[in-house]
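We just call them A, B, C and D in the order they show up, numbering each chain from 1.
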Amino acid sequence: MWDKCGVIGIVSTEDVATPIFYGLRALQHRGQESAGISILAEGGAVRTHKALGLVDQAFTSEDLARLSGRLGIGHVRYGTAGGRGVENAQPLSVESVVGTVALAHNGDVVNAPEHRERLKLKGWGFVSENDSEVVVRMLANELAQTHNPVKAIKDLMSKIRGAYCFLFIIGERLFAVRDPLAIKPLVLGEVDGSYIVASETTALDVLGAEYIRDVEPGEILELTPHGFESHSVANEGSTAHCFFEHVYFARSDSVLDGVLVHDARSRIGARLWEESPADVDIVVPVPDSGRAGAQGLAEAADLPYKEALIKNRYVHRTFIMPGQDTRELNVKLKLNPIKRFIEGRRVMLVDDSIVRGTTMRRIVHLLRDAGAKEVHVRITSPPIVSPCYLGIDMHTRDQLVAANHSVDEIRTMIDADSLAFVSLPGLVGALGFSQNSLCLGCVTGAYPVEIPGERLRSQTSLGQFKEAGKVEKKTV
Amino acid sequence: MWDKCGVIGIVSTEDVATPIFYGLRALQHRGQESAGISILAEGGAVRTHKALGLVDQAFTSEDLARLSGRLGIGHVRYGTAGGRGVENAQPLSVESVVGTVALAHNGDVVNAPEHRERLKLKGWGFVSENDSEVVVRMLANELAQTHNPVKAIKDLMSKIRGAYCFLFIIGERLFAVRDPLAIKPLVLGEVDGSYIVASETTALDVLGAEYIRDVEPGEILELTPHGFESHSVANEGSTAHCFFEHVYFARSDSVLDGVLVHDARSRIGARLWEESPADVDIVVPVPDSGRAGAQGLAEAADLPYKEALIKNRYVHRTFIMPGQDTRELNVKLKLNPIKRFIEGRRVMLVDDSIVRGTTMRRIVHLLRDAGAKEVHVRITSPPIVSPCYLGIDMHTRDQLVAANHSVDEIRTMIDADSLAFVSLPGLVGALGFSQNSLCLGCVTGAYPVEIPGERLRSQTSLGQFKEAGKVEKKTV
Amino acid sequence: MWDKCGVIGIVSTEDVATPIFYGLRALQHRGQESAGISILAEGGAVRTHKALGLVDQAFTSEDLARLSGRLGIGHVRYGTAGGRGVENAQPLSVESVVGTVALAHNGDVVNAPEHRERLKLKGWGFVSENDSEVVVRMLANELAQTHNPVKAIKDLMSKIRGAYCFLFIIGERLFAVRDPLAIKPLVLGEVDGSYIVASETTALDVLGAEYIRDVEPGEILELTPHGFESHSVANEGSTAHCFFEHVYFARSDSVLDGVLVHDARSRIGARLWEESPADVDIVVPVPDSGRAGAQGLAEAADLPYKEALIKNRYVHRTFIMPGQDTRELNVKLKLNPIKRFIEGRRVMLVDDSIVRGTTMRRIVHLLRDAGAKEVHVRITSPPIVSPCYLGIDMHTRDQLVAANHSVDEIRTMIDADSLAFVSLPGLVGALGFSQNSLCLGCVTGAYPVEIPGERLRSQTSLGQFKEAGKVEKKTV
Amino acid sequence: MWDKCGVIGIVSTEDVATPIFYGLRALQHRGQESAGISILAEGGAVRTHKALGLVDQAFTSEDLARLSGRLGIGHVRYGTAGGRGVENAQPLSVESVVGTVALAHNGDVVNAPEHRERLKLKGWGFVSENDSEVVVRMLANELAQTHNPVKAIKDLMSKIRGAYCFLFIIGERLFAVRDPLAIKPLVLGEVDGSYIVASETTALDVLGAEYIRDVEPGEILELTPHGFESHSVANEGSTAHCFFEHVYFARSDSVLDGVLVHDARSRIGARLWEESPADVDIVVPVPDSGRAGAQGLAEAADLPYKEALIKNRYVHRTFIMPGQDTRELNVKLKLNPIKRFIEGRRVMLVDDSIVRGTTMRRIVHLLRDAGAKEVHVRITSPPIVSPCYLGIDMHTRDQLVAANHSVDEIRTMIDADSLAFVSLPGLVGALGFSQNSLCLGCVTGAYPVEIPGERLRSQTSLGQFKEAGKVEKKTV
């Protein structure tokens, strides 16, 4: 349903393949489909190893040993576009006029399909269906004009729009690029003279690196063993950080745009209790996604926090299973309720989101079967009413239950005694950002970049959106 | 360091391979090395599929479809004896006078090596180094005398001693056997006319089965589609449930011999606080093993419980890595401290055990590097001073730091401000068993069954053991 | 249809795993299902590596490096009994009273099933369906009585009957055993102080070893780095060398019991022409099995020898394909006729045998489609009328076309203009052995060892058998 | 050393994946590194499956079943350029303005590197190092100009030079293209309304197809289910068929440009005897490459032809082994001499070529060790003195022994009693082509297409080349 990619780039005075490998493991939650590393070898050639599977599976120690070099980039992929298969793994390389260009990309360039069609007409045959090929070949084309990487990147950025973090190796140099609205996260760190850019601070932590700052909106950053140089593209004076990174996607120990994810989730939980309390005995998270929110809620409510649903860590992640039926069955096989905690109790169940509703319905039934007297569901995001076009894999409106049903209808579908989502103002307040510094497209239907057929954020105000903070209760 | 196997057996009026598969996934925490299923096919033949890896990896849906039949057994293996490799995977089958005998075994038969040597002298060539071959061929030999499965099993049990749960397919019938001291867990359940035995209740839960009771000490249980029949071997009037199943090994949502594992762990945590308090600001668990103990401790202490160490779920389990150095490195790579929770705080760190001490030292340093003012370590088991001979993979005394060092020496080694282990009386009381119903061999050096060179439990009393409850503090 | 195993054993003053590996490659034509090597390591342990596939696929150089030791045995398997799968790969080891016993076995012990049933009644559970387990455990049992390997082997030989070559590692010593009728081939050689036993001289050749002699009927040979010691079991004064090794199975450059296989095949071809000439223009072999016979025939006939059927070497061997239909299709896909050689010509087509007749029919049609005016088929073995119980995989009488049809009926079935098999006296004469020194069971129905329900060779004489030398022609 | 690729394309009224699979098996000798098939599916999409290994290994029956469609192309690869690995496997696809373009390519476009550099300057980033990407993207570019496949292919051909056969799927149509000098073979056939183009007639034979004709020099052929349409590019009035296809590369049952390969090889052997006879007793081929030549030579000489070197078919092909040492060892392991044929005899040894000379030296020694009195070597190609730039993998001049040594020096190096190569006029005469219809670059150093730094064929005449027909004898 939701997922993205993770990227890391390092320049150092020592070999970087192993640090990149460890950094990718710390970003593994951002993508489990494939992993890859490109290294600038002695003499200027770029060597790449990429394979399907987890980072641990994709690389042997021999693979790492072969990737000798002091500048490199790495990628873990979930796959928002293009089919599965190693041919879609990144980094992606092209031979250009200034030598090999390698790209590790996190995000979605929304007008890539238009460019693809336009360039086909100009005679560009594309060897893959991957949008990253469009990006990297557009860049190679700019490079042929200017021979200047920074100028070429600026020209590229002037032509594309969307959510993106690019790490480029261009002609023996390393560049990190963040889109002008800073939709996707990208941080900068340093340890012992190695400079690192990565999707999340967890990759800095595992390498013992100090966090320096976030890469800025629209910034082009060149990293060298001696430091970093910044080239800024005029940005739009506002940002559009993806709020869903905070609510679900990032690891809870990451610091995103200055905010510890765990804290943000806790504060949303507390806000949710203020907005939508209920007479309950215990607070139970859906593991692992609802845990931080449930802790904040339980503290605010001064209620016992109970991990009453135990997750089987050896079963593959729910959303990877193909087909709806398997997905339902899987909930049962992954979660085991502890009866002693639940029996005869009124339970407040906390999770980060409801997409289709089928998983939540199954969990509510698990709790009822285990003897729960009442089940009150609280969700730490507003209802998802609109697709994400900017990097999260969240198909069409048809598949989003909240796009087509009221909160009370959803409550009935999931068979809960009550249901509440955090309100938009509640969410924004708890995250500590201003409304206009976030991308809230999927919960408002108004997007920070132009999407054909959708509204722009600038044309809307928060007040006009459906009120999510209201609790819908079962009528007795 | 510690680990065991998991077993499940089902008789039903429908195909059992898929339920056994799901049951094995719910027992996966008991062994990740190999998985196998044996099914009694139409016509009396036994078909087996086994392979290295997790249950999900070892079986495809085609494998399960081929295993058609209404009676079967399954096994996941960690491997206490014998090398790795699929030739050591179970179930293990022999062709006997009454047809195929298949065995899934959890435990250690301590006198199997003696039988092996004795039988070699009688001309028995053994095709593997696996002790289960000794067991299953001794049974085949008994069967040739009596042609009566129950009598053969009784004869077998009269010759062996140790910790064992056997699931046997013998001549189209299914038998479950638990050793006379009930050292290893084995439970009985039922759903829709299917009867199930399994190592833990988690396997019953995932199948929607009702827990009926534990298999009794020394019991031989025959399961049929119509119910079960019990044949008891005169037991010793006492039990010796492995306390380490409660402290570490079982899943926290299992009910072991009537006790919910999560509750037992919480109570030990609370007792630990009573025995060994300290002036601290927050309670932090080592995930996942210290979590329930830390929750109990934090509640008893009325202190904030903080999950300040975040585990990377995509990194392989620490103890599977070969070599000491990798083990140390791995702690760093698996655990990420959340600085904001730790900085400037006095931390009480809770885990289930200390074996070598190297991992704990590394975690203490992680916390200090993240700014902890003090680190007080609390352990929910007494010091491990003696090897386990009864199913847990815990090598020699040399490798056990507590066998050769005082608590204060260990405190110095792990660089903690204070260190305390739960006391033996405290542990026993918190578990809710009498001292003589538990196997405490590894923390007392006195064992419930005869082990050459070691003391017997009956010759000792708890009072004489090293006092573990004492807090050792750093002298300022 | 027909196939067996290959074995090799070496004692040396240097590591033997690599020479055994090369020897197995030179025996690869004897079995492609699995390959294995057991080596006596320092300290007396036996290490084994075995895997499915060709020798090249089963062993990496690391595998060989791990198998350090100066005494060892190797095996390639086709599989006459027991299912496929690595659990049936050899060598097979048992732990016995005198240490590890390892066995590499080529042949069939015809009364193994009786022993298996008898021993089950005595309480021996068998962990496989492989007859080699029966042999090796019977030997372990004898060893427990005598502790004397030679005596134990003699006792074993007194209880079993059949066609067998055993290579045993027993208590750090290497023994080679050939059955009293010397049905299967086994040769002895030497190079630079290494002593070698192997199924065929090709394994000696590849190692640069000198052929010393064949292992004798009923001989037990112990090999040491200093030479070899012979222990003979009283043999029956006659032999029963499998004639089919000469006709089809052995490699044409092997010397079997003193006879170069290529020469024997050529002489049969010449004899066949004398017995059954025809007015033809060219002689064409079915590659590769008919080549040597066709060369001898063409020379005798003074006719042009033309390799007019080209074999695709990249297609798997015909008889490995499951199912009759695939087998037919495969002939087409493996053989390509050269039209220019065939068109308008009368062809004499030579092959080594006809089992079902379907393959030959297809080849005859290939030739006719390519324009052959006439196709005269000549076969260098007599009609196969009876199953082989002694090591060749040649199922039941139902599957043998010659068991149930006259030569003329077969001629009609394969749509040939004429068909002739070599006569029994012709075959025996061409091979250069006396009739009573060969096993001719499959072409006479009279066997050299007792087979329940079949005649014994001693009760018959050649004269009474169906006259094979006669040519059956199409009536115009 | 020498090798190329194989291609096949089929249009039919039925599914073509399985026929293409069978056709690729019949072309397997042209490349064993990877195999692939692209099929035009319903709706116009192109589906491709490619993998490393033999055709049998690269495709399962499920893979073929998924490739449903009535028009497709297939490829087996040896790899003349670019590294190994599945990313270099073909067919190669690009998305173009007229839909997917897929290419299966056999040959070498000699100016592809120039185009690559030129296009890089124009901003074309190349995602692989494979020259086929240059070709297919140049075509996509032409298509964007014209939208007319035939015109686009003509424009492409006007820009490239070299040896090539292209099979293209372009916008739901199938095109076959042969370079203007017809350097590489490509034939056209038909069966039951299916039209087929393939590298050799063996692929037609296996499918039961009739050979129609060779694709003509410079011809663009469009295949449809109703027949074929020809578009000819003005060719150069001459051809340059690779003579080495006849001498070594093609399968002996192929008909190349109207000549049966087996016959051509026989005639060269006969010519070689006429040019360079010797007093010998037998003629022995190096299997399999020298067989047809040796047969022709033996017939011409009226000497016995003896297959005295037996090849182990289970050992991988010599030239695939990395490193010189292994290559030498491998000769020993692959070839076994039959002593009885050789001992005391004067042997004439026939092979197709000498590249480095090391293999031949080893074979001469094998024969001497087996007792040959004299060894006279005869080679059915002239000395290789110059690299091949047109599709055969024959590195640099340094590696070609004949580029730097006289025939007598080579004779000394290989330790032969005499050595002779066929003369250039002898070769050309035996093949039955005129000198100017062949590419003889590697034996003359004069090439039919412009190669920077090399002479053009048109500037030379045969007379001026080193006289190869001379026999160099050991001076006693």
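Basically, contacts are C-beta pairs under 8 Å (C-beta built on N, C-alpha and C of every residue); 3 or more make two chains touch, one makes a residue touch a chain.
Keep in mind that what you see is a predicted model, and the values were worked out from it rather than measured.
Engineer: If each hop has to land on a touching chain, what is the smallest number of hops from subunit A to subunit C?
Structural biologist: Steps on the shortest route: 2.
Engineer: Take the average of all CA coordinates in subunit B, do the same for subunit C, and state the distance between these two points in whole angstrom.
Structural biologist: The answer is 51 Å.
Engineer: Any idea how many Å lie between the Cα centroids of subunit B and subunit D?
Structural biologist: 63
Engineer: I'd like to verify one number: the distance from the centre of subunit C to the centre of subunit D, where each centre is the average of its C-alpha atoms, in whole angstrom.
Structural biologist: 37
Engineer: Give the residues of subunit D that touch two or more other chains, as numbers and ranges in rising order.
Structural biologist: Residues of subunit D never touch two or more of the other chains.
Engineer: Provide the full list of chain pairs in touch.
Structural biologist: After working through each pair, the chains in contact turn out to be A-B, A-D, B-C, C-D.
Engineer: Considering only the defined contacts, which subunit B positions touch subunit C in the complex?
Structural biologist: 86-87, 92-97, 101, 116, 120-129, 133, 136-137, 139-145
Engineer: For a test of understanding, state which residues of subunit C touch subunit D in their complex under the given definition.
Structural biologist: Counting only subunit C, the residues touching subunit D are 22, 25-26, 28-29, 32, 54-56, 202, 205-206, 251-253, 260, 262-263, 291, 307, 310, 312-316, 332-333, 336-338, 340.
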